[in-house]
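Take a look at the following structure, please.
Note that the chains are named A, B, C and D in the order they appear, and that numbering of residues resets to 1 at the start of each chain.
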Amino acid sequence: MITVRVQTEFFDVGAELTPLEKLGGGAVASFTGIARQDGDVVAIELEHFPGMTEASLRKLAEQATERWNLLGATVIHRIGRIEVGESIVFVATCSDHRAEALAACSYLIDRLKTDAPFWKKEHREDGRADWVEAKASDNARAEDWG
Amino acid sequence: MITVRVQTEFFDVGAELTPLEKLGGGAVASFTGIARQDGDVVAIELEHFPGMTEASLRKLAEQATERWNLLGATVIHRIGRIEVGESIVFVATCSDHRAEALAACSYLIDRLKTDAPFWKKEHREDGRADWVEAKASDNARAEDWG
Amino acid sequence: MQFVYFASVREAIGRDSEEFELPHDVATVTQCLDWLAESSAQHKTAFADRAKLRFALDQQMVQGDADISGAKELAIFPPVTGG
Amino acid sequence: MQFVYFASVREAIGRDSEEFELPHDVATVTQCLDWLAESSAQHKTAFADRAKLRFALDQQMVQGDADISGAKELAIFPPVTGG
């Protein structure tokens, strides 16, 4: 069961986890990425490539499903303006065993950071806004998965 | 912020995650362990060592908090009779960054399996009930954390 | 000393806990087990396979060679299987 | 061919997308960029640092040496920063 969504709306983590908990697997893992308080950043803005985004997220979920024998994988990414403290991204997996669910969850968020066409702009207190630079550490983590 | 609970009641994963999402960190990871459909097992029964259980879970959460610089950690374990399909255990972590939140979440569930005084009995369709044997693979995973 | 039992050990002995005054020459967890094993056939059976036993002295996990002096409670149980 | 731009590339060029008929000797993504860079000062600026550009040909990520023949759309954008 693969669920992929790109949306401006908030997501409800509990409501997203419930269907994964009912797939008959023994392990559900999740990750939520939140716009963190960082200096004078008040909000971030997410731009994406409609069509390609969903396809790339689905491809990652399919790869994870095959590699770790998942019963389910969910990827939700918000777009548009997101205030500091709000959730940006949610990834969850269901598998028979914990090692697989946790590894697949890490894989999905690591690979999403380098493979899915999203771009983040930081809005600051003084009204300035800058595009976020890609991090070498994110590339390194994504490549570690092979 | 450390939260540790041992309870017979169900837990609400969404309600447990909400406070962790509000700690100012950029990353929240969670793991839910579920009584999996496995042969003719209809339910499991969890016995524990009152007092020592909570202390050992708190100690694990404190160790994880220090090691990965967590803003929060939650460990909830149910006891008593748990039907197949019901959740048994919930672990969640909040950190500034995803690598720390995910690693700490894996650590907590791996170490809980070998360090916390819980014992699991499997109830079968025909009324038989057997204590579950500890797995060598669980010990190996727990030891990998050093 | 208070002895508490869990899971298969509790079932084999047939009780949750019991209190004994130990002889002075019983100094370690393993010596406790040797002494307790003599108190009934159930105790002997419960403690037969020592590799399958784990111990907590005043709620701290310990090995069989741990010194029991000053301790109030020894818990004896099989390897844990939570999670 | 349809060109689509995102994030800083979109802002530098000042538009989301545009369509051009390419000369026949433009065969790779890099040659597209060389050709597009001549169309305005904004394009030249946007494509100045090639190491900071990524490409998707008909929504598949490709390298600069990718063959564009048969492709309908080339997307040009900076390294992605989602999650």
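The working rule: a residue touches a chain if its C-beta (ideal position, glycine included) is under 8 Å from a C-beta of that chain, and two chains touch if they have at least 3 such contacts.
All values reported here derive from a predicted model rather than from experimental measurement.
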(request) Return the chains common to the contact lists of chain B and chain C. (result) none
(request) Determine the shortest chain-contact distance, in steps, between chain A and chain C. (result) 2
(request) Using mean C-alpha positions as chain centres, tell me how far chain B is from chain D in Å, no decimals. (result) 49
(request) Quick one: report the Å distance separating chain A from chain B, using the average Cα coordinate of each chain. (result) 23
(message) I'd like to verify one number: the distance from the centre of chain A to the centre of chain D, where each centre is the average of its C-alpha atoms, in whole angstrom.
(response) 26
(request) Report, in whole Å, the distance between the mean C-alpha point of chain C and the mean C-alpha point of chain D. (result) 73
(request) Would you pick out the residues of chain D that each touch at least 2 other chains? (result) 83
(message) Two-or-more-chain contact residues of chain A, please, as numbers and ranges.
(response) 33, 98, 109
(request) All pairs of touching chains, please: list them by chain label. (result) A-B, A-D, B-C
(message) Can you tell me which positions in chain A touch chain D when the two form their complex?
(response) 33, 46-49, 51-52, 55, 77, 88-89, 109, 112-121, 131-134, 138
(request) Spell out the residues on chain A that touch chain B in their complex, using ranges where they run on. (result) 12-15, 17-18, 21-22, 24-37, 85, 87, 96, 98-99, 101-102, 105-106, 109-110, 141
(request) Write out the stretch or stretches of chain D touching chain A in their complex. (result) 4, 6-8, 10, 56, 59, 61, 75, 77-83
